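Order of writing sets the chain letters: A, B, C, D, E, F and G. Residues in each chain are counted from 1.
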Amino acid sequence: MAYEGGGSILPLKMLDKCIGQKVWLILRDDREFCGVLKGHDEYFNMVLQEVKEYELVENQRILTTRHSILLNGANILMIVPGSEPDYDS
Amino acid sequence: MAYEGGGSILPLKMLDKCIGQKVWLILRDDREFCGVLKGHDEYFNMVLQEVKEYELVENQRILTTRHSILLNGANILMIVPGSEPDYDS
Amino acid sequence: MAYEGGGSILPLKMLDKCIGQKVWLILRDDREFCGVLKGHDEYFNMVLQEVKEYELVENQRILTTRHSILLNGANILMIVPGSEPDYDS
Amino acid sequence: MAYEGGGSILPLKMLDKCIGQKVWLILRDDREFCGVLKGHDEYFNMVLQEVKEYELVENQRILTTRHSILLNGANILMIVPGSEPDYDS
Amino acid sequence: MAYEGGGSILPLKMLDKCIGQKVWLILRDDREFCGVLKGHDEYFNMVLQEVKEYELVENQRILTTRHSILLNGANILMIVPGSEPDYDS
Amino acid sequence: MAYEGGGSILPLKMLDKCIGQKVWLILRDDREFCGVLKGHDEYFNMVLQEVKEYELVENQRILTTRHSILLNGANILMIVPGSEPDYDS
Amino acid sequence: MAYEGGGSILPLKMLDKCIGQKVWLILRDDREFCGVLKGHDEYFNMVLQEVKEYELVENQRILTTRHSILLNGANILMIVPGSEPDYDS
């Protein structure tokens, strides 16, 4: 049996639990995405729908909305399940 | 059985669904490509046709059109299926 | 039998011992996280709860609290088990 | 059976079709090569003949010609089959 | 039999010999750690105890002491077994 | 049978043909090496003899000669078989 | 049989021949090490003894001597067998 990890909530299992829910993704270059997680693979590549993309351009936070995207997992720093930033409020 | 991922739309399955359709690719260095997806492999290497390439050079967006290209998947940040940027309008 | 390593406390075994306890994570880009370790895999990807995130922005240490996160292990420089920074005191 | 990819033109199959033809390669650092593709492997390492190398040096495009080269595939951003840049015209 | 290397002291065997002893680790970004090696794996991930961390901040060498840490092996430039820097003297 | 590649001159086969001959190597950081190829492995790690190393230092091309070297293949951008730069003329 | 490479002196075989002899290592960041090679593995991780480390700091070459070190092979640019720099003369 390959080594799976330790603890009660394994990383990929946590992602499985987020399927169909909102996730907030923060990338290494500070780009942020928020959307409903539709699917993922073992490399944290992710399919999101109803997507909001936040990008800092000259200290301005630019919002772009997209219907759905496939995001390359290699650039993801952190995934915050079940929540989104309050930049729009 | 190797672990495939979780959710209703797995990343590679989503790419399969884009075959023959327009995809909009955004790279890590902010280059953007838009074209018809003809084929892909598991590393997100992609064959595109009727390709528009957008590159920001000194704040000017330069458009280059190409018949077909093979794009190295390692540089892809995000894939936006079935859509394209409206920079030309 | 695959080579596991040497010594009385193997890295992954140490992580196993931290399950349910506070860990302080320092990333390569100097971001710091502190939270209860709920799970991890062999690549140091980690599920944390009751999370404090410290980020240096123009020499100011910004604190963000989050309920739970999944952190990509590739960016982790160091894990300090059972402790947290005293920036709040 | 290992996963090969999706679509009518798989990336490596496209390269196979370019054997004996001109290809135009654009690297991540903006260097460009154009030559006849004589062979390749699965990592996009390529053997080119009748090679033109274009390099931007202080906004000047420098052309170097070489009989044949072996190019490391890891630096390739994009391959444009059957065409070449019109910098010489 | 997988290739193990050559010579009388193989890298991982050397690490094995350092178990329970002081090691001085120099990272690629010039951070330095010194502590007792409690365990390691094949990727040079290391468990250290009685740890001194030296970091150069604006030409000042800052010392931080920690009870124990798990250090990601990917950032290690060099391991100096059985010795420590004399910055404190 | 593992996939080997396509075309009449596969990359590693081309290297095999260069054994005993002069090769000119250009690295990603613009360092250049020229010497007789004595051996190589599948990662483009190379053993060269009668070696000339060219390095640009403040726009000056510095030549260093060495009897033999082992060069790490990961930094190689391009291999030009059977030729050398004419910087000395 | 796994592919080993081509030529009369394979890279790892060359390292084997250096066991017990002086080697001069030049890293990607221009740090240099010179010492007696005691052992190595397939990733060019190396155990050196009687080590001289040369580091350029503000155009000054700083020499540090160490009894023995384990050097991470990933940062090595080039290995010059059986020789050392003449910086001390």
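Going forward, a contact is a pair of C-beta atoms (placed from the backbone, for glycine too) under 8 Å apart; a residue touches a chain by one contact, two chains touch by 3 or more.
Source: prediction; values computed, not measured.
A.B. asks: How many links in the shortest chain of touching chains run from chain E to chain G?
C.D. replies: 1
A.B. asks: Please report how many Å separate the Cα centroid of chain B from that of chain C, as a whole number.
C.D. replies: Roughly 34 Å, centre to centre.
A.B. asks: Once you find the CA centre of chain A and the CA centre of chain F, what distance in Å lies between them?
C.D. replies: Chain centres of chain A and chain F, defined by C-alpha means, are spaced 42 Å apart.
A.B. asks: What whole-number Å value describes the gap between the mean CA coordinates of chain A and chain C?
C.D. replies: From the centre of chain A to the centre of chain C is 19 Å.
A.B. asks: Would you mind listing the residues of chain G that make contact with two or more other chains?
C.D. replies: Counting only residues that touch two or more other chains, chain G contributes 12, 15.
A.B. asks: Start at chain A, step over to chain C, and keep going round the ring; give me the chains in the order you meet them.
C.D. replies: If we begin at chain A and move toward chain C, the chains come in the order A, C, E, G, F, D, B.
A.B. asks: Give every residue of chain C touching chain A within the complex, in rising order.
C.D. replies: For chain C paired with chain A, touching residues are 12, 15-16, 19-20, 27, 29, 31, 37-42, 45-47, 66-72, 75.
A.B. asks: Please output the residues of chain C touching chain E within their complex, sorted ascending.
C.D. replies: 3-15, 28, 44, 76-83
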